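Both of the next two complexes hold subunit A, though its partner changes from subunit B to subunit C.
And now, the complex of A and B:
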């Protein structure tokens, strides 16, 4: 399989923005402004046939051919009919990669124009993303080709999760949500119509990208099935991939002759292939974020036995229910040694069993005491801690106890905290210290199941 | 338009890959059908490319002995005249067991796919099936069976799991080595006491 080098697109030393405009309403203006706001430190060139001498202090060239310097990336944001010609100029100028932000190609029925774009990209061997896409974001290299102003869409911090997205709208929504999460972003790649660079090329690049620890993706359809299978087989042995597939409509089923063909529609086929090659299938947008969170912070579990430690009986039981319904996780049976030690140090009202209910007056110290006993229990592979901050005992010291235990243990550990402002404050505190926090037993346990299933897939054979 | 493979051509293909099929033969008269029933009750089925879903169209007569065979044969022959060309097949009656479906299809993007599900008339109602792209591995077969909600019905014992896994591997091999096969249904495939038989076969080129 031919590998396409996307490095000049994501780590460019020089960028030309074609369609850069003085008019704040124009896409080309927002893109240029975002580059300036993001603090991009490479060389930046503005290109516009008629924009005058300068935009925001950046010199404007009439054509990319006039720049006469090495250009790693051209971001093209001009009306569709002018795109092939602009790309031709990029090719002649030796531009290494291009992103076509403009829409008005195959997605609106203009397949012929898109074919011309592909021909130019191939002629000059110039990997081209899009058309009809948001482009890329890389907080490390401070690349941001999004035409959405920063006041509308918050930019995520630096992290290990790369997000590959076919749809622009899903892309910007999820990015906005990622900016509120502790895990941070490695790369965002929105590839739109996938005319030249598609998901196979992108996965191929991200597989070897050391800054990417986890990949989350949204796809509508896979273009090159056989090549996709080749990369899918390899990539999940290296890093986890979470996928959300759109389109559960039963298209094509009407034409089926056998039972088999009638059952195996497009969605089922994609979902089955994702499962077969170890992808984690997300059911909705929240799953993408929940799974990204656990995959980016937790090591893979070595077993399936979970200890649940709570300061609220009811949420403990709900969590135990989710664990037993997960089909893969199990409630741990604490060793006799742990039980004896707990009985000695816990107040009489604490029932020594799993889930371990530390009671509503449990404070940071009680959490620490219980965890320190259970830390040496060989029957426990995973810790799920429930901290309900509405209770009398739970405050920032409880959060601090968990953070300090998290630093010591090698086993996967997550927290469930449900609540509004006071809880949210502690959630940020714990997450910024690398402890994933979930706001429901279902979200927590489905994420944990995803982690365990991936671990089993990765380690077998 | 896919073409339905002749029943016995399909039968031979399956046998070449070690997949067991129930004893069957074409019959062209009630007498031949009666002769075939010497070893026990039989089923009669009308085969026509104009009637794909035999059960739904009332073109399957089950558990026939003696004089029932004659009546069933003439009824099918009458219906067959409206669906020409047709053939009537006599099959040894399968002993009751767990009915599953094993199938294959061709996806334009990914190639040959293989399917397993709870079989008979239930598969379309409950949509309880697992799908993979071929060729599959032993691990894939285990995952497919595990994925079924009805896995405890389908696999009565660990031995059944191995047997079904074996069938899936054989069908996967068949699909990969016979690219011209576009769709395949073994429905039902009946499992009983540690053995199985494909009871109805539909293969499309």
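And now, the complex of A and C:
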């Protein structure tokens, strides 16, 4: 399979923004502004026939041909009918890669215009993303081609999760959500109509990208089935891939076609391919985030036995239910040695069993004591800690105890904390130290199941 | 069935706090403080043998017998072994109702102590909530017996949702979450071990409570099966009841027993009873909130045909998928009249179909125009609007357009908005005006399905 080098698109030393504008309502203005705001330190050129001599201190050229410098990436944000000609000029100017943000191609029936775009890309061997896309974001290289202002869409921090997204809308909402998560972003690649560069090319590139530890993707239609299977076979042996596939029903398939001109195809076929090759299948947007969180922070489990330690009995019961219903995880039976040791140090009110309910007055010390005993229990493969910060004993010291234990243990460990402001504060505290926090037993246990299933897939011969 | 009057417990003119304390670490201190903070305007008495003459300006009595005034409610927060005697004194003093916050009864094996408590409650005909519970909250009467400080657990505003909860931990976390929702609370009743007052008594009371429009409940075990069925038959004809039942698996059942001494029983039996009598079954904590939101703000739908109007194509596709997979909802086919009218006023980029993708630059006016045409479409029973506030056109004016339309239409209408701060601001804006907002297609459509199913149940003969 031919590998497309996306490096000049994601780590460009020089960028030309074609359609850069001084009108704050224009896409070409917001893109330029976001480059400046993100602190991009490469060379930046504005291209616009009618925009005067400079915009925000950046020199404006009438055509990309006038720049006469090496250009790694051209971001094209002009009306659809002018795009092929602008790309032709990019080709002539030796531009290495292009991103066509503009819509109005195959997704609105303008197949012919899109074919012209593809021809130019192929003629000049200029990998082109889009059209009808948001482009890319890479917080390490400070590339940000999004035309959405930062007050509307908070930008994620630097991390190991790459997000491949066919839809701009899903892309922008998920990015906005990632900005509030403890894990950060490696690359965001929104590829829209996939006219030239498609999901196969992108996965191929990200498979070897060392900055990418986990891939999450939203896809409407897969264009090249055979090549997709080829890359699918390889990529999940290297890193986990979570996929949300839209177009699962006839109504969804029809909607997808009018959205990105995608041929969504039969979902059962897609799903069975995903599962066969170890992809983690997401059912909803929130799954993308929940699964990214656990994959980016956890080592893989070596077994399926879970210890649940809680300061709230009811949430412990719900979590035990979810574990039992998961179909793969099991509640651990603590060793006699653990039970005897716990009985000695826990208050009389605490029933020594799994889930271990430390009671509503449990503080950081009680969590530490319990975890210290259970840390050497061979019947435990995974720790699920429930800390309800509404209770009298749970505070920042309790969160700190969990963070300390997390740093010491090799076993996967997650936390469940449910609530408003006081809880949110502690969630940030724990997640920024690498302890994933979930907001419901269902979200936590389905994520843990995904981690276990991937681990089983990966260890298969 | 004997009806227990819980009014003196929820709307007391006078409250005695037995175990009131000046030590800020003590439960009896936090409870007293919360009464004062909530602005309770009835008579408040502190009871404690060893607490001096007054606490926070409230006179302290050595025994409830010394008060010699009418007392509607005694809140008891003293070590378990002293509870029966304190209740005996309450009975002698003519106290009308009691809440035993203290734990250390049947849930820790102390069945005998709990039996003594029940005997006293019965002897004096003094309905008693608990033991091992958080008690009650009623933002109208400003009753708040919770021993959890407000900085940890934000208090909900006044509204129509009553929350019946066996577990204190689930109770406090869900209350904390409700505080961030647009709907408000009618009553919170945490009943712990259900030794005297149980879920049957509480449902019986709330059925006739005009302030309660919707009931959500978390239950571990149902004590009186026959009586529960009797009330279940009647209550869902009057108002919707959403139930989350813990103890769905052997591991969960065992955990529930050690938590509230509940006999969780066989889940399939419970679930089939719930469904037979029109309860809405929640699978997770978040469902309780999602369903409460739609039941508290929406009139019941008269049909199952949904129009989806979006400014983000991908989220529209996912929503169409969820509707098609719901098993009860259907995508509406817009009338020819609607399609012709939309074609005239929408930009050429907009495909006239359902989901109607208004495109990323849709502003409030475009939403208004589309909704105005579709408002008279007889093929539409329900509106699902998707507003992704990351997009260039979506702002407060777009939210205002939706609120205006919501005020005019009789049909159920919900919104899906997914994102961080800027989105959260608009979610609050819309929800405080009665437009429910969901954070994912799955959450939105499962809630809408619950609403439709309840409507079908209620309209059955």
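Following the convention adopted for this analysis, the second predicted complex is superposed on the first by the 445 of 461 C-alpha atoms of A that agree within 3 Å, B and C clash if a C-alpha of one lies under 4 Å from a C-alpha of the other, contacts with A are read in each partner's own complex, and residues count from 1 in each chain.
FYI, contacts are C-beta pairs under 8 Å (C-beta built on N, C-alpha and C of every residue); 3 or more make two chains touch, one makes a residue touch a chain.
Only a predicted model underlies this, so the values are computations on that prediction, with no experimental measurement involved.
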Partner chain in contact with A:273 - subunit B first, subunit C second, else both or neither: first
Subunit B versus subunit C as contact partner of A:229, first or second or both or neither: first
First, second, both or neither for A:325, with subunit B first and subunit C second: second
First (subunit B), second (subunit C), both or neither touched by A:285: second
Superposed model, subunit A: greater residue contact from subunit B or subunit C: C
Which superposed partner A:311 touches (first subunit B, second subunit C, both, neither): second
Contacts of A:420 with subunit B and subunit C, given as first, second, both or neither: second
Which of subunit B and subunit C A:130 touches, first, second, both or neither: neither
Subunit A positions touched by subunit B in one structure and by subunit C in the second: 256, 258-260
Complex contacts: residues of subunit B adjacent to subunit A: 2, 52, 101, 103-105, 107-111, 113, 115, 117, 123-124, 127, 129-133, 136, 139-140, 143, 147, 183-185, 187, 202, 204
Residue ranges of subunit A touching subunit B (in the complex, touch as defined): 221-226, 228-229, 256-264, 268-269, 272-273, 275-276, 460-461
Residue ranges of subunit C in contact with subunit A within the complex: 25, 27, 30, 103-104, 108, 147-148, 151-154, 165-177, 179-180, 218, 220, 244, 246-252, 254-256, 258-260, 283-286, 310-318, 320-321, 323-325, 331, 348-349, 351, 353, 355, 357, 359-360, 388-392, 418-423, 439-443
